[in-house]
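Here come two complexes built around chain A, the first alongside chain B, the second alongside chain C.
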Partner chain A sequence: MLAYLIRRLGQSVLVMSVMATIVFFGLYMVGNPVDLLINPEDDLAAQEAAIARLGLDQPILVQFWHFLQGVVQGDLGTSFVHNQPALELILSRLPATLELAAFAMLLAVIIGIPLGMFAGLYPKSPVSKGIMAGSILGFSTPNFWQGLMLIMLFAVFWRVLPAGGRGETAELFGIPFSFLTLDGLQHLFLPALNIAIYKISLVIRLSQAGTAEVSLQDYVKYARARGLSTRRIVGTHILKNILIPIVTVLGLELGSVLAFAVVTETVFSWPGMGKLLIDSIGLLDRPVVVAYLMLTVFLFVVINLVVDLVYSLLDPRIRTKGKNA
Partner chain B sequence: MTQPVLSVRNLTTEFHTKAGIVRAVDGISFDVGPGEVMALVGESGSGKTITGFSIMGLIDEPGKVVDGEILLNGQNLRGMSEKKLQGLRGDRIAMIFQDPMMTLNPLLRIEEQMVETVLAHRDVSKARAREMATEALALVGIPSPAERLRNYPHEMSGGMRQRVVIAIALMLEPDLIIADEPTTALDVTIQSQILSEMQKLMAERNTALIWVTHDLTVVAGLAHKVAVMYAGRIVEYADVDPLLDQPIHPYTSGLISSIPSSVPRGQTLRQIPGMAPSLLNLPKGCSFQPRCFAASEQCGVSRPDETNVDGVRRYRCHNPLEVA
Partner chain C sequence: MKHIFSAAVAASVLATAPVAANAKTLTAGFASEPTSIDPLYHNLGPNNALRKHMFESLVGEDENLKIIPELAESWGTTDPTTWVFNLRKGVKFHDGSEFTVRDFLYTACRIPNVPNSPSSMNSFIKRAETMEAVDDYTLKVTTASAYPLLLSDFASFGIVSASASGHDGPVTYKKDGCEGIASYPASEAYNSGEAAIGTGPYKLGNYTKGERIVLTKNDDYWGEAAHWDEILIRPITNDGARVAALLAGDVDIIEKPPVQDLDRLRADDKTNVVQGASSRVIYIHFDHESEPSPGISGTDGKNPLKDLRVRKAMSLAINRDLITDKIMGGLAVPARQLVPSFMRGYNHDIPMEKSNVEEAKRLLAEAGYPNGFNLVLGTPNDRYINDAKIAQAVAQMLSRVGIKTEVDAMTKSVFFSRRNKYEFSAYLAGWGASGAGMASPLRALVASQNKDKGLGGTNRGRYSNPELDAIVEEALATVDTEAHDDLLRKGSEIAVNDMAIMPLHYEVTPWATRAGLTITPRADQQTVLTTVRPTN
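So, the complex of A and B:
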């Protein structure tokens, strides 16, 4: 297990450094942040002083060297725009995205699994056909369009939910969260639903396919032959057996929501990490973009580790294999 | 005669498929008394497994029991509400499946699967249910049963798993056990152990047993009665000894002489030519007629009715073999 962990960490460090390098040079080629950051009204000396302060007067390789020196010391650089350490800036936006992602995942699970299992158990019912058709719609319509439609319906036509922003927040462990206030929850619902629609569709299809397959297994018929209630058979015998692929996909999806909730956060002006990333790319705020993507890789590594651990909780056969290895 | 535990009358089960109606079980009747073992013998596709599932009420779409009565202790199971049937399954009628590797849920401990079965039928505490499970495991000869309860199915061998399944079947002392080729997937030594244990337990507890099998060698030492099935019908039914010694139906005779030990070494085994017919497209007249060595013209014209020999033994054949 320890060897496995070390190997995984080694891999992720490699991925992080390769990615940091590519992004660092990539952004250098996109444009010169100086053009955006320097006040053109200033006199030449002041401009040059400002450029020197950001370290942008150095050749790119020297800048990269300074960046690497910082990274080893745990300093991912300081935002050009906000004049604040990049990592700190990102982490200050993390809670907003985190609660958005968590809420969306929750919706995906509590809506997707029951609907999918229903469709798997009663494939001929018109309700099931409706569920499956709906899931295709959820898959295939673009995310931003779904967001706009949600705003149209709930905020413009029916005026029941706010169109954007984070609403009132309350602090938990010193971190502001929206889900702790009613106003915050109302603000949270639409963007979370917007992210969740695709995931719900995904979970529906996975649960449906899994249920249809598992229902045919001998052990399900045997459970019926023992006189177990339908509730017990579906809720324990079938559910446990379909969870593994769902957990895998949800893990990956959680990572991608945390990292790239960009579209939804933009549509609903939700002040999360995704919005920060888009703004930073627009302003060529290189330290923020690089730090952001490194954090993203880190998140994916952690989530995948957790998913692997959850596997062994779900399936005893995987546990035994681990012991032998 | 004591009242039979199970009395099946004219049971007919059909599958309505796109290709047509398949009559998998075609008007079969038999009784099984307490402590009695009946072997249901036939080739693959003869309808013996479907008979078992029909009795359990576990026929799924597109299949349906379309006719007949299934009386368990005089109570008709056919037309009984699903709720009531659910209460009987696992409690009064237990079933043992063919492949022990596939029968137990791989993600649940043996304990959980046994305890849930008890709790589905008995109003007892979890601790008591666990005790009953331990006792049942000990009964079927599983060493250190309390520890075995903590195992997952994949931590046990096939023979062990089948013992667990048998233990679950016996645990609530049912009136009837339907065993669907329970030893086919096991190797021969384990097979004979399990056979003799089952036989002993059935006799001790006066449980009725239907043993579904394609293997006549198993039947001799185990069963009291034998029903031979072909294409959904019982073609011959008799006490075990007369049936094996002097088969009346040519099909029974063919089955017996295809057992390797039935002929002297070096002599070619007699086999039944051809294959079991597709139920979608049964031959005219007697279903067995194209493969039968005794077939006459009449066999291709009309289906043989049942002939009752002596109140017990019966057969369906136009040209029965001579009984000395």
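So, the complex of A and C:
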């Protein structure tokens, strides 16, 4: 297990450095951030001074060397725009994204699994057909448009929920969270739903397919024959066996929500990491973009690791294999 | 699903009711977020607009960018290089301390010492050779040579409190480094609110980056009392989301409503659109230098833009009225000069030009291009109102007279980098003149690039005309207002006659509010919420 962990971490360090290098040089080729940051009224001397102050007058390889030196010391650079350490800036946005993603995942699981299992157990029922048709709709609506529609319906026409922003926050362990206040929850609901709709559809389809497949297996028939209650059959024997693909997919989806909730965060002006990323790319704020993507890789690695660990809890066969390896 | 939904609905109805009752809070949706609360950190539109709520300057600029008294009550020159400012007495900072010359000097000392400032305020103080306190309320400034734009420069930065920034002793300003100040606070001290102490009508209440800026009324303000008890600014960068927030009643006013939504917002009786002329001119700059020029083909390596006749033909080919009506939906005023008519240095003797396709074709033929040539026109597509659409229209109008024009539109980060590397033969951009009026674009856009003299900083067409340079330099050394403005008018005439640059129109800036509110539009396009009032 330890060797496995070390190997995984080694891989992730490699991926992170490749990613950092590509992004670093890629952004350099896009353009010079000073051209955007500088006030056009400034004369040429002031423009050169600003370039020098940010260290952008150095050859790109020298800049890269300074960056590497910083990384080794745990310093991912300072934002050109905000004059704040890039990592600190990103982490200050993490709680907002984290709660958005967690809430969306929660919705996906508590809505998606029961509906999907129902559709799998009673495939001929018109309700099931409705659920499956709805899930196709949920899949295919563009996230951006869907977000605007949610705002139009809930915020503009019915005026029951706010159109965006984070609302009031309360502190838990010194970190501000929205879900702890009523106002915050109202602000959280629409963006979380916007992310969740796609995930709900995904979970519905996975659990429907899984349930349909598993309920025809011999052990389910045997359990029926033994006279076990439907509740026990569905809740234990079927549910446990369909969870593995769902956990895998949700793990990956969680990573992508954390890293790339950009669209939803932009439409709902949710002050999370995704919005920071898109703003930083727009301003060519290289330290923030590089640090962000490195963090993203790290997140994906961690989530995949956790997913693997959860497998072994769900499926004893994987546990044994792990021991042998 | 149904359960959660109805619970959320019920909860929100209960919670939103009391908020609506508090009528003295103004909530605003901003299109771009200031990068810091520190008024000296970043010389950028949103930052400068925000600081006007909290930090005042020595002299102010009214909505048409005319200089007005602010923290200085009056001023004058004793000779062309010596200025004396009489400061307002009894002005209190937000922490109750008295504002004196010391705070101005401290601010000037801190400007070059703001760590990692991406765009410094330095250019606003560097023309001053000495600055000293005659007494607590009298400031004397000398410049190395006569410099008429000192007031406009001093109107451009907000004054911070020396004591709140951590300095208690006296301040002696020295151009190459002030004496007696141990260290300067970083911008973080202002963002946290600790040092964010100004004299303005609002104090900083709360600042959460990316989320909100809360300003609270300063009850001890020296001037007219603020109308709103509290101002809440929310950055909503997405256009659609900003309009939705206004329609939903989440915010009372938004800046930069998208042009395509204006008719709807005007027609809706819950919302209202306010608009006003700005000092921003949208122009096309020509490559006056390279030969062959990167975006031109079909000329055997020659750069036709160096020929005045070709530049004149291009201007004649453009139907500016059509652009302002059809593309800008009235949010523009046709332009021939670099600042609008209400600003200093505008030459009222230059008539607007009428588009004339036949004359344009004749001039092109005369210049040796009867069949035109191929041109690539560079433009940003997310910087100015309808920028890429304007470029498309210009391209069609130029193609009509034979200059087959292709538009190369790109996001602003790429555009400005490429422009500054001189990769365009012709490009569309904009210039928002400061209170200096015509001097601002003449100095930056069409004066020959000269680092030592501080000229031509944004002259990326590399236009160079010694006659114009001489006039700009003379104007920049003439303190007498009338003589200075006369020179600017002459400079404008030369720029127009030589078609140094091709102005298209002046932007008109829109704001959208909920019904019953209005804002005084500022020519610098900044959103200053102290001027938001109920309409009746």
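Keep this in mind: the second predicted complex is superposed on the first by the 318 of 325 C-alpha atoms of A that agree within 3 Å, B and C clash if a C-alpha of one lies under 4 Å from a C-alpha of the other, contacts with A are read in each partner's own complex, and residues count from 1 in each chain.
Assume a residue touches a chain if its C-beta (ideal position, glycine included) is under 8 Å from a C-beta of that chain, and two chains touch if they have at least 3 such contacts.
What you are looking at is a predicted structure, and each value in this text was computed from that prediction instead of being measured.
Asks: Could you classify chain B and chain C on chain A, in the superposed arrangement, as clash or fit?
Replies: After superposition on chain A, chain B vs chain C: fit, no clash.
Asks: One more residue to check, A:T266. First (chain B), second (chain C), both or neither?
Replies: second
Asks: Touch test for A:V71: chain B only (first), chain C only (second), both, or neither?
Replies: A:V71 contacts neither chain B nor chain C.
Asks: Please work out whether A:L121 is in contact with chain B alone, chain C alone, both, or neither, and reply first, second, both or neither.
Replies: In the superposition, A:L121 touches no partner, neither chain B nor chain C.
Asks: Determine, under the contact definition given at the top, whether A:L228 touches first (chain B), second (chain C), both, or neither.
Replies: Only chain B; A:L228 stays clear of chain C.
Asks: By residue count, which of the two partners contacts chain A more extensively, chain B or chain C?
Replies: C
Asks: First (chain B), second (chain C), both or neither: which does A:F189 touch?
Replies: second
Asks: Quick check on the superposed pair: does A:L98 touch chain B, chain C, both, or neither? Answer first, second, both or neither.
Replies: neither
Asks: Students often get this wrong, so check: with C-alpha centres, what angle lies at chain A between chain B and chain C, to the nearest 10 degrees?
Replies: The three centres form an angle at chain A of 160 degrees.
Asks: Quick check on the superposed model: minimum Cα to Cα separation from chain B to chain C, whole Å please.
Replies: Checking C-alpha atoms only, chain B sits 30 Å from chain C at its nearest point.
Asks: Which chain A residues lie in the overlap of the chain B contact set and the chain C contact set?
Replies: In chain A, nothing is touched by chain B and also by chain C.
Asks: Considering the complex alone, what residue numbers of chain B touch chain A?
Replies: Listed in rising order, the residues are 56, 58, 86-91, 94-95, 97, 99, 102-108, 116-117, 120-121, 152, 154-155, 165, 168.
Asks: So in the complex, the part of chain A that touches chain C is made up of which residues?
Replies: These residues of chain A touch chain C: 30-50, 53-54, 78, 80-84, 89, 92-93, 111, 148, 151-152, 155-156, 158-166, 176, 182-183, 185-186, 189, 266-269, 271, 275-276, 279, 282-284.
Asks: Which residues of chain C touch chain A once you look at their complex with the stated criterion?
Replies: Counting only chain C, the residues touching chain A are 1, 8-9, 11-13, 15-16, 33, 35-36, 41-44, 115-120, 122-123, 186-188, 208-212, 234-238, 240-241, 244-245, 247-250, 411-414, 416-420, 431, 434, 440, 444, 449-452, 454-458.
Asks: Which residues, counting only chain A, touch chain B once they are in their complex?
Replies: Contacts found on chain A: 217-219, 221-229, 232, 236-237, 240-241, 314-317, 320.
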